[in-house]
Amino acid sequence: MSRVLMKGNEAMALAAIKGGCDAFFGYPITPQNEIPEYLSEHMAKEDRVFVQAESEVAAINMVYGAGGAGARVLTSSSSPGIALKQEGISYLAGSEVPCVIINVMRGGPGLGGIQPSQADYNQITRGGGNGDYHLLSYAPENLQEAVDLIKQSFDKADAYRNPVMIAVDGLLGQMMEPVDLERTPDSKQRERKEWATDGDAGRRGKANTIVSLHLDPNKLEEHNLALKEKYDRMVENEQRYERLETEDAELVFIAYGSTARIARSAVESLREEGYKVGMIRPITLWPFPENAFKKLPDTVHTLLTLEMSLGQMHQDVKIVNQGRYHLDLYARTGGVVPEPEEFIEKAKAILKKEDAA
Amino acid sequence: MSRVLMKGNEAMALAAIKGGCDAFFGYPITPQNEIPEYLSEHMAKEDRVFVQAESEVAAINMVYGAGGAGARVLTSSSSPGIALKQEGISYLAGSEVPCVIINVMRGGPGLGGIQPSQADYNQITRGGGNGDYHLLSYAPENLQEAVDLIKQSFDKADAYRNPVMIAVDGLLGQMMEPVDLERTPDSKQRERKEWATDGDAGRRGKANTIVSLHLDPNKLEEHNLALKEKYDRMVENEQRYERLETEDAELVFIAYGSTARIARSAVESLREEGYKVGMIRPITLWPFPENAFKKLPDTVHTLLTLEMSLGQMHQDVKIVNQGRYHLDLYARTGGVVPEPEEFIEKAKAILKKEDAA
Amino acid sequence: MAAKGRILIEEDRCKGCGLCIEPCPVDILALDESRTNKKGYTPLYVTDPEQCIACSFCAMMCPDNVITVERFKKA
Amino acid sequence: MAAKGRILIEEDRCKGCGLCIEPCPVDILALDESRTNKKGYTPLYVTDPEQCIACSFCAMMCPDNVITVERFKKA
Amino acid sequence: MTEEKVIIAGFGGQGVMLMGQLLAQAATHEGMHTTWFPSYGPETRGGTANCSVVFDNHPINSPVVSVPDSLLILNHPSLAKFQGKLKEGGVLVVNTSLVEEKDLRDDVRIIKVDANQKALEIGNLKVANMVMLGAYVKASGIFSRESLLKVFKERFTGEKQKLLEMNTRAFDAGMELAAD
Amino acid sequence: MTEEKVIIAGFGGQGVMLMGQLLAQAATHEGMHTTWFPSYGPETRGGTANCSVVFDNHPINSPVVSVPDSLLILNHPSLAKFQGKLKEGGVLVVNTSLVEEKDLRDDVRIIKVDANQKALEIGNLKVANMVMLGAYVKASGIFSRESLLKVFKERFTGEKQKLLEMNTRAFDAGMELAAD
Amino acid sequence: MNSDTVYRPKQGLTDREFHYCPGCTHGIIHKLVGEVLTEQGLIGEAIGVASVGCSVLNYVYFDCDMQQAAHGRAPAVATGIKRVRENHAVFTYQGDGDLASIGLAEAVHAAHRGENITVIFVNNAIYGMTGGQMAPTTLIGQKTTTSPFGREKEGTGEPLRVSELLATVPGAAYLERVSVHDPKHVRKAKKALEKAFDTQMKGKGFSLVEFISTCPVNWGIQPRESLDWAVENMIPYYPLGVFKDPEKEEEDD
Amino acid sequence: MNSDTVYRPKQGLTDREFHYCPGCTHGIIHKLVGEVLTEQGLIGEAIGVASVGCSVLNYVYFDCDMQQAAHGRAPAVATGIKRVRENHAVFTYQGDGDLASIGLAEAVHAAHRGENITVIFVNNAIYGMTGGQMAPTTLIGQKTTTSPFGREKEGTGEPLRVSELLATVPGAAYLERVSVHDPKHVRKAKKALEKAFDTQMKGKGFSLVEFISTCPVNWGIQPRESLDWAVENMIPYYPLGVFKDPEKEEEDD
């Protein structure tokens, strides 16, 4: 094990290289600038492709081109930049071009601010673009997990021929902590993508096309149903989550990413004080880890969603819940990073009320 | 009453004029082209502003400018074009600039097709852009309702200082039917908007600014909470829906827009055959009409969502439901318009199963 | 005068646009107004095949890949 | 030589960038390296006020609105 | 009246959209509920074109017609596409100039109209659609001749006024053909 | 060791970010868990700059420090902003060259370092941060001198190697000052 | 009698019939692209990018790998492709709405970076696919569905000349405007395409051939008259010629 | 002694201190805009559009109505404003990343439509706000955080000259490139701004003044030396001068 101290954005960039990323296309935006900056140097050194696009719109369409041509492609941005990419992301999903997108979220709406936020949950999990599609979305809680997931994400993208979104916030992007870049293996040699428009029509003896257009609605429906079948497989196989101290919990936090990290402190403190508190930490935002909510112990009476947005993930908790538990929400927004004490206080208030009831 | 036969898109365009629309900015895209085409002629004749922008991105930012300067502004587009507008819509919401957006939905994802669809439900109700914001969204089921709602929507936009989305599909945009343009009054004289950047700093004695940027996260959170307070008021006051034959229903359809229109036939046929079927028709997609689900009779056992997308609205039904009823979904997508017979068959199958159980 | 070559017309591809007609230097092309092809268009025909000089102008102007041009070899 | 005018320096706005210094035709501007203003910058000062010709060059070049220039009226 | 659902189909340029709109317009004048819905494509590039029209005394739900009561067929490919959908005993008005009669169903009421021929006689192939329309109006009996002529007058104004007479003639010819 | 949370604050250009990174780097070498988190703004335009560093033998949750165990203050505005957050009995290392001593809390352990003065003596105002760092390392006792010097050697390579000696001297001077 | 085929259609093209309106010159331009790719031996390894416009479906016509791009973004898509498939011929095929309106930034920036791609730019002074709206290239006085009174300078400006604009961008290596209204010009247009692909394959940078094209349906003019209209109205405003030539530049150096 | 104030700062500006880095010429340009608006009597009725870049906060500095636009879209926002407030002076203030990169299409199309607005374009050859990344205007050889080896022609192209590009657009009425590196040029720059607003108020169309500006922090050069760097490196590539003048055009007519 060799741990190196790295800045989040740089660690993620390096992880992408180790995940076999052939090409990066991006546009500067705080708080993710160290990703393109790092790659502008290191992709060149590795003889791989780095292009600073003229805009986010151009960047995502370059990703579409390079991904379509069979390369492993990365782009990164932050909230308003991701909004600009929505049409392109819809195209990528619709024409089944794999790629990896890192979103280092900041406060919104509009230009908003540049401090950490999770208010892109909707645009990540609901596809901010048009049509019935989904992105496989990972929300790591620390740099080690980010590195491990990013390395893997290129394989996942290829396996499903679907864009993968890595959703972190400015906190993870800007912080440093030691990471072991070799904890998980680098992505292995890959096979040629036989579907790609890589200019090998001659060799193949047939031309490939990559399109999202299907003018006949029956064909388009068929295509959508085929995509759905793929999404169903993701729901089946790709849910990832952590359950922490849920065995005898009365109150279960639901939190992801940086918020989960902070919530972890709250769980520890509360447990020390004897409160029966646990946590479900979604690692995939889409598919939302419904499985984590199965077989919770009978002691549970309340699920408390903690997030840095005004209840965006809470909607998924509601969808899963279907009346089983009391639901509550503690939300900060606009770039304010909550402190463990806030969660502790909220938890105590809930537990006290329940006791009284 | 004077009914005139009009094409949906043209009727909507004319309704906007009658709603006091001062300016239109848009970009061509099927199946909404008759809106800009109609307005290119008629706005000029009324000495109002019509601009064909160079792109959807430019159009939505022109809307932001003109709306910010105090005018009543309209834009229209269709699914991929709406995706491109997401950053701009997030800005409009974030800086509280009112406007009206007509979305004549078509099949997706990506370029998709041009036939009717409802697969923008997510990008309409979840804000495809970044941050915690919402659009007041209307989904009329016929041209008369579309005309009435559009006229009104400019007042609503101004009242809440928030964008309003009119969500229809290609079916409503392309069809003709008679409408009474005077059924509801035209929008009345308006007051000067004292918050607008209309160049009247001299008169006002102070300069106005319109921004969505708040670098201090505490300020941005405050701003977000103020927006939320506004959204809460919309949830309180703006839910609109129709309940059809729910009094003794066992099975309740949930459907909006064109789908509801078609479902209406199915309800009629089923009732004729003695089946106890009713319908809840959301007229506002956001706020989703939770109130419609209150005080349903005890006879109800199943809610069946019908939509032209793979269960996007169904998520809101789940959120409202919280385990009360059985839920089921019948979805077509990709531009396929369902026929009443499909709904009838599905309904019968459900009712038969329930009987057997 | 013997033909220098000939054109082959894939008639059911023809859309009757007439772009090929004017460029013909020997003026032997016309639309057959007496009938329609599978598509419903009045197709191109050669009024006087003997005159064809195989210049290919017609084919170059045809937007729909209707025309192939052959030049006869001097035996 | 009597001053033709003078400059007023809003010292706590000064960022010590020095853009105003070189343009002064009579070379009477410098940064006071001996102290810092509220912002923490070494502020501008006039080395020899008597020489000022009120040409405004310094003020024109100052990016931070630090300098006002006055011309004395001939009594 | 009870609901009447019509599909009108031909190829682009034959004027099927207009036919449907004229009917919907007539229905509007007579206080009926009506809907018109085009099959809209990405292009105006030939191929089949069709529209659905519905009339009713009650509000109309779906403008999409799956099982028409009447079918107006202006060319052969459209016959193949739509004939099967026509309800048993429905009205089928066919342009025999472009439709092969041997393929016609035998469980529906068929009105044969040699519309292109008739239009050429009148002086312009373009009015073949009006011949068809006249035949349908006669056969269905839903609208009066006057009702349609009123709509014609509203439509053919300005530059188009010169077309009024010829269209009326074509329409009348169609009515006559159906009366036979 | 138990958790140690540090905030280092000054104005942009004083090198507070680097100080935090050097500590985090030393902690990494010693196998500790550590996090470093900058307060990042839209600009590099003066004003206050600060970072939070945490060391622990256990995995660290939040990198955001609300109640620091130790505080390194390089200028006066930073004192006003952060002093109140320092936990009772915590360590407060202050750069007395730029901080007015009268405003200091009295319920914490104060290490006064005339860092600018010392740095000027050494030959470059820029190394004032290293003086501060040395003082903290001495006062906290968490890291050995060698540990930091190893990090220095890694950092000051290539063009920057010439800075190694001066920085080491400044660091040592800081350690001495804290030992007083 | 023995014979040689001196003109064989569908070179570099599939057998699929074009969906274009009768007499639309998109078809002629397709043929030229197919011929040049075939003659230069590139058809088996070329990668084309279809844009959004009437030619959106050209991925079923060109007999090489094809990727369909979002409206206006073809040059960005081509950039992505070319950067990871450096040795392949990469081209876009774009209309004037696509390239000169929504996609202007992508076109200029591909040129600006000196991307080694070839852009086939079909200027028919209108949005064909969506039913004849005004394009940035629509001529003054021209009636379209969104300029019902004819385009006026006031409010909508004067038509944009894309080749002239791109000529100011250093990375643009080869730029020519051509027409296909008669066989002579078709031949010239083909030469321009040959030079453009040549420029690309020699790594000299961005190349673009602007075609003056027709839209009989939306202009409301018969196919043959449309050619005349283009000659009489478009070419005077959009003069044919070479706007940038890498060989000339080299001479100048 | 009695005195006249011959230079009063903060004209047309609020009293707020600029947040710019020491010696950043954004400040000088702000002052000129404020002065011209004040002197032309427009400050009480002008509407400005702030863009995204270091100058994003200028809505707190300019003492008139201000709307903050999304990155690159200021000319579209200004179009929206101007169309509904025809008689007001409308201007945008944009950096080179904002205008020449992400917002190029919006700038060109505002010019193309002949929008009666004034664009203040601040070219500092870098993305200042985000920490010094390469801009389309970055010079060959210039090191930035995303061109760590110095900008190379190969792969990133040669710098874009915006004024020259816009000069090809008919609707652009007045275009001038100026510098603020010494008092003489500041005075000239102010003249250019006066002409630009004059062009707008006379309804002659789109006007843009390109300012050569500095970024001491991201160039890594002291403020005074930054001015020299601009003179020695930028002006040779970006020559000062008038690229379009409505009065000249009229003479030519």
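To keep things simple, chains are lettered A, B, C, D, E, F, G and H as they appear, and every chain counts its residues starting from 1.
By our rule, a contact is a pair of C-beta atoms (placed from the backbone, for glycine too) under 8 Å apart; a residue touches a chain by one contact, two chains touch by 3 or more.
Since this is a predicted model, take the numbers as computed values, not measurements.
Trainee: For the chain pairs B-H and B-E, which is connected through the larger number of C-beta pairs in contact?
Mentor: Between B-H and B-E, contacts are more numerous in B-H.
Trainee: Look at all chain centres (mean of CA atoms) and spot the one farthest from the centre of chain B.
Mentor: Relative to chain B, the chain with the farthest C-alpha centre is D.
Trainee: Rounded to a whole Å, what is the gap between the Cα centroids of chain B and chain G?
Mentor: From the centre of chain B to the centre of chain G is 39 Å.
Trainee: For chain G and chain H, let me know how many angstrom lie between their CA-based centres, rounded off.
Mentor: 34
Trainee: Can you work out the whole-Å distance between the CA centroids of chain A and chain C?
Mentor: 61
Trainee: How many angstrom between the C-alpha centroids of chain D and chain A?
Mentor: 55
Trainee: Quick check on chain D: which residues sit in contact with 2+ other chains?
Mentor: 15
Trainee: Mind pulling the residue numbers of chain H that touch at least two other chains?
Mentor: Chain H, residues with two or more chain partners: 20-22, 56, 68, 70, 101-102, 104-105, 109, 112-113, 129, 131, 136, 155-156.
Trainee: Going by the touch rule set out above, which residues of chain A reach two or more other chains?
Mentor: In chain A, 30, 51, 54-55, 57, 80, 87, 91, 95, 110-111, 114, 211-213, 215, 337 touch at least two other chains.
Trainee: Can you tell me which positions in chain C touch chain G when the two form their complex?
Mentor: 5-6, 13, 15-19, 21-23, 41, 54, 56-57, 59-73, 75
Trainee: Hey, which residues of chain G end up touching chain B in the complex?
Mentor: 52, 56, 68, 70-72, 97, 101-102, 104, 127, 129-131, 133-134, 136, 145-149, 155-156
Trainee: Which stretch or stretches of chain A touch chain F in the complex?
Mentor: 3-5, 30-31, 114, 142, 170-171, 174-178, 258, 261-262, 264-265, 268, 337, 339-341
Trainee: Within their complex, state which residues of chain G touch chain H.
Mentor: 101-105, 108-109, 111-114, 136, 153-161, 164-165, 167-171
Trainee: For chain B, which residues count as touching chain H in their complex?
Mentor: Listed in rising order, the residues are 22-23, 25, 49, 51, 53-55, 57-59, 61-71, 73, 87-88, 91, 95, 196-203, 207-213.
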